[in-house]
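Handing you this structure, nothing more for now.
Per-chain numbering from 1; labels A, B, C and D assigned in written order.
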Amino acid sequence: MATVVERTQRLAESWTEAPGLASWFKTVDHKKIGRRYIWTASLFFAMAGFEALAMRTQLARPEEGLIGPGAYNQLFTMHGTTMIFLFATPMLFGFGNYFVPLMLGARDMAFPRLNAFGYWVFLFAGLLMNASFLIGQAPNGGWFNYVPLTGPEYTPEVNIGFYTVGLLFLGISTTAGAINFIVTTFKLRAPGMSLNRIPLFVWAILATAFAVVFALPALNADNAMLLLDRKFGFHFFDPAMGGDPVLWQHLFWLFGHPDVYIIVLPALGIVSAIVPVFSRRPMVGYFWLVLANVATAVISFGVWVHHMFAVGLPQLSMSFFSAASLVITIPGGIQIFAWVATMLRGRLVLDTPMLFVVGFLISFVAGGLTGVMFAVVPFDQQVTDSYFVVAHFHYVLFVGAVFPILAAVYYWMPKITGRLLDERLGKLSFWLIFGGFNLLFFPMHISGLLGMPRRVYTYLPGLGWDGWNLASTIGAYLVAFGFLATFVNFLWSLRRGRPAGDDPWGGDSLEWATSSPPPPYNFAAIPVVHSAYPLWEERFRERLDGARGSEERQLAGDHEVLRTSELDATPERAIEMPEETIVPLVVALGFLLAFGGLLVSQYVVAAAGVPVVLAGLAAWAWPRREERPR
Amino acid sequence: MRSTAELRRRAAPILLWFAVLGGAAAWTVHLLLGWGLEEIACSPVSASPDVLGVSLTIWIGALTVALGAVTVAAGLLAYRFWRQTGTTDPNLHIEPGGSDPESEEQVRSGRTGFMALFGLAANGLFLLMIVYGGVSLLLLRPCART
Amino acid sequence: MTGDARALVAPTAEEVAGEVPAGRPTGWWGMVMFITTEATLFAALIASYFYLRFQSTPEWPLGGIKTPELSLPLVMSVILLSSSAPMAWADRGIRAGHVGRLRLGLAATFVLGATFLGLQFYEYVTKLREFTPTTNAYGSLFFAITGFHGTHVLVGLLLILFVQVRAWLGHFDRTRHLHVQTTAMYWHFVDAVWVVIMLSLYIGPHL
Amino acid sequence: MTLQAPRPGRRAGTHTTRSPRRAGRPGGSRWGRPSASRPAGPLRWAVVVVGGGLATQLAGCGQTSPSALDPHGSGADRVAGLWWLLFWISAVVFAVVTVLVLVALARRRGDRDTLVRRGGGEALIVIGGVIVPAIVLTAVYVVGLRDLRALTVPAHTDLTVEVTGHDWWWEVRYPDQGIVSANELHVPVGRPVRLLLTSRDVIHSFWVPQLTVKTDLIPGHTNTTWVQASRPGTYRGQCAEYCGLQHAKMAIFVIADPPDAFDRWVANERQPAVAAADPVAARGRLALERNSCAACHTVRGTTAGGTLGPDLTHFGSRRTIGAGALPNTPGNLGGWIVNSQTVKPGNRMPPQPLTPEELQALLAYLERLK
């Protein structure tokens, strides 16, 4: 029998990837990939943030001449597109990548190579779309990209090509990530983690991943048809040839509304992870939160027409979607009241992560309430496409995604880096962002009610909009300073931050049962759980400590994970995990060739990508010697 | 009798999934058919507000009743499963000290009860939406537009 | 041993070698989710077809294009659907450890699938004389949907070829045949999609 | 570019009827008032903090905003009522949640060694998250449907107007009266007017917040909506669906006239363009007919018959140039004709290389086209 030290050493050798530059391109470690997602998404966030600042500066005064209409239209298009596709989802998938396996007690994602592939595709697609700025022809049709404005007749330039090709390319990454999350959650949970014991953050990621699997194809079909219209003279959206521009809208919003929840649900999952820890008690209504998560994901597919209430559809059709749009607020309310009940019946610890959660709670309620308003058809018809909508969805998306992400930065970064961020700077950052945010977006409700349409590069004075716009611009700069504070705080913490230890917050879930940062194999012994709060159970701790000294909870092979059953997480067998490899990067590069060639109409280049992809996939599927029959 | 019991045992997982997802499926059908039929009946090329000779009001009314019934059935089934398993929510209390290891049966029963309760609540939400759809039929004329 | 104790000792790869492992493998779930998302994509395309059909003029197909004739598509359907049988037979075969059945079944599936593609090519040549994707929205829909499905058949054929090569290299036996299983799942899916296309694009306009 | 108080001359037309409430205030044009006299942003922000709802209401009654909360039409009236219902429901819910959060913050704090082990507390979720919302939402749903039904296009209207969206202006046709105009829509007060909406190019959206809710103009579709103004006045609207480069400068003015004024307007508008009586105007007319103006614009009664741009037959009576981009003054018009791209970059009208004499004559002629 090997000693504990020897076993741990063998595990470390088996899971640690070789140092050096080559390994940097070959990694399949979910933690490294998760970190890359977070970093890359932060970069895109900064870009989209600066785009927003530029727009707010232009709108500070009426008839401002800082930015012309052409540039402004590119800015607001790329701001929305980047925030939604290149920041929010990848950022949350990044946290998911890092923490889902840890929270499940697993050593990696189910498909580590697919995971690496997903990151590379995300990176390439994001760079491809933003490369459009280099030639001054960024997408300019809005993130919703309505035809016929974006069709071959009215925007023949390459701007929209970056949008359609870029999003089709990016869709591969998002779909791959979603499938990976689903299978990981189904099959790699720690023994004992039956459906009713899965951490709420993982539930949120699971519901989100399912939503991606069903929602993204609608966007892909839409973009593929637009691509065919634009490049090859098809007529899907051309009313003169039997097509219909409204078809674009249906498919777009069939994706687009679930996508709102694809962004918000995992972020709400972060809130559900933080609230119990900082209320020092189990969540009141674990069941209700799971219900809310899943119900929201399902109902989100039946509300898309509320983006189209002004299109002139029959009233009865609209009423069905109005009904769903109203009822979907019930799961939202359930979550709010579950968090509040937990806070009321716990003992709060008001550290920075919780401060962001409290700020989130109050502001998110406002966004939810205006959401109810948009479900009511006549009111929606009055204020849709006005600044009231801009206010509403920033109260939902900025508050619903960015506040929880900031909370997660303060809550989880210590696990990732091993060091705590500074509390005072964190609180300063919170107050700047919280105050600045409300100054930025609350006035937009009013300018919208006063008749100001959205997506305008300027406006005339004397319509009652001037003061509200100036207030918004001031708020935007406050928010920017708030982000700067957190960024400085993070950099400072890397060197000077207080060491976090395994469990700085007294956490409840499995990521706190290992060191900070975790070893490459995450857990030496496979944990066994009995509730959704394993670390708060003494029996769990006793056993984990015991298991470290014995061999019984350790897999025989080193580079293995334990596969368990879908519903009750009973152990099935150990499975060997793949080693680091360059293949995912090669396949991603093959796709880059194919999509890049398509974008610039160099079809030889595009065709050259296909054999690269096929060869890469063949190498991917080829079994190692020890995996073949003897 | 043994064969009945055997049948029941085999049907149980399928029935449980119906109890969990029945309402969601019914609502999806209600929404897509209701919307699709109205799009067809009220399209600019349609002569009258009916589909296959049956008026839209009857279509949607019948859909509401039938799919509402499916949802209620799923809810009742969920209630039965829930009663059978009882509430064994492991997340309500944190055990202060160590206890005996759980049996697989305990884990499964807790999970089944959880799913059943989920079905019960979810079917309620979906029923609400289907009923709302029926209510709109009382207030709005088919094919009327703003 | 209590249930919990059983949970503590996880079986190793060596221990389960030689017996069929319990439970669904991760790869199986991966393929199920991939097929789910692909099926949704086809659903979106077919829904677009019906949307444009019912939104535009009562005339369908548009612009005087003839209603698709059915004899060739019916032959194609028979060929493609019958190809699922040897695929299932091959899949069952390798589960019982018969590598020969696997090779033979894959070969038969490949021949049938390739015949289908050949017929579709012939159909395209005939149709393109009458109308093209740029004729009108009907032409766009017809060629985009059938072409997208044809691409899937082609990918399926490449997969079958790949699995065939690996079958000859001895990569599969009674316990190791995940890629045979997932390829079979994909192939059956492609066949099922054809049924929907047949019903909506070919038979639909006759109703 | 000047967007100051209106020139006196603009008010001379018979159709420039101001609402009685505004008549007493000087400089009260709906679209041209300097912003300096209003309090600055931060000050307003303070008002918002005190009471957002109240501030909204005040701003809504401000004299120049096309505010949805200052309704002068039956559709907008309904929706404004709906807004206040939704607003007060929201205010109560927001207050309840905020108070609960504050109570939680004010209560006992813990530290990382604290752990509350007991369960319970789900009643708040069931009541606050399920039962109360279900009741409130049902009520909101039914009220919403009732108001939706009230917005249904009336079966019979006396007047039908076709509004067609173009990049970036509005074509307005009265098919029964034989009137073609642009960017201004005259309606009789108190009578429902049916609007048939479509687009010549991309999707636009018709939105006059004070009159009724918005409806999209979609190529290949004809949407129907209706307006019924309750008071005479000029109501500003603006394209609400992003339509490309100059989406920001695509305004439309709905002018609600008392019945007799409306009839006079119709009678005048049906006439072809006034004859060019004096020599300057005659030269202007020649300039219009001979230069590229005529390729895009129609002036009935002349040989100018282009249909790409707005009909100019009664251009002199319109309030603005370029769909609300500038007030219609000779100075502005001259600048616009010489190079409209500086005012509204990207619009479809190319710079016009006219001699100064031609330009002066053209301005004189156009100003006369009342």
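The working rule: a residue touches a chain if its C-beta (ideal position, glycine included) is under 8 Å from a C-beta of that chain, and two chains touch if they have at least 3 such contacts.
Source: prediction; values computed, not measured.
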Chain C and chain A - chains in contact with each: B
Farthest-lying chain, centroid of Cα atoms versus that of chain D: C
Pair joined by the larger number of C-beta contacts - A-B, B-C: A-B
Most centrally placed chain, judged by C-alpha centres: A
Intercentroid distance (Cα basis), chain B paired with chain A, Å: 29
Chain B-chain C separation of Cα centroids, rounded to whole Å: 31
Whole-Å separation of chain centres (CA-atom averages), chain B against chain D: 45
Geometric centre distance via CA averages, chain D-chain C, whole Å: 54
Shared interface positions of chain C, touching two or more other chains: 3-4, 51, 55-57
Chain B, residues touching no fewer than two other chains: 39, 44, 92-94, 96, 102, 104, 107, 128, 132, 136, 139-141, 144-146
Contacts with two or more other chains, residues of chain A listed in rising order: 192, 244, 246, 282, 288, 312, 315, 319, 322-323, 326-327, 330, 377-378, 381, 536, 570
Touch relationships between chains, expressed as pairs: A-B, A-C, A-D, B-C, B-D
Chain C - residues contacting chain B, complex: 2-5, 51, 54-58
Chain D contact footprint on chain A (complex, rising order): 62-63, 68-70, 73, 141-142, 146, 148-149, 154-155, 239-240, 244-246, 279-282, 284-285, 288, 310-312, 315, 318-319, 322-323, 326-327, 329-330, 333-338, 340-350, 358, 361-362, 365-366, 369-370, 372-373, 375-379, 381-386, 439, 442-443, 445-446, 449-451, 453-471, 473-474, 504-506, 536
Residue ranges of chain A in contact with chain C within the complex: 110-111, 114, 175, 178-179, 182-183, 186-188, 191-192, 213-214, 216-218, 220-222, 224-225, 228-229, 232-236, 238, 241-244, 246-247, 250-251, 254, 526, 528, 547, 552-553, 555-557, 560, 562-563, 565-566, 570-576, 614, 618, 621, 623, 627-629
Complex contact set, residues of chain B against chain A: 24, 27-28, 30-31, 34-35, 38-39, 42, 56, 60, 89-99, 102, 104, 107-108, 110-111, 114-115, 117-118, 121-122, 125, 128-129, 132-133, 136-137, 139-146
Interface residues, chain C side, partner chain A - complex: 3-4, 6-16, 21-26, 29-30, 33-34, 36-38, 40-41, 43-45, 48, 51-52, 55-57, 62-63, 133-134, 136-141, 144, 158, 162, 170-173, 175-176, 179
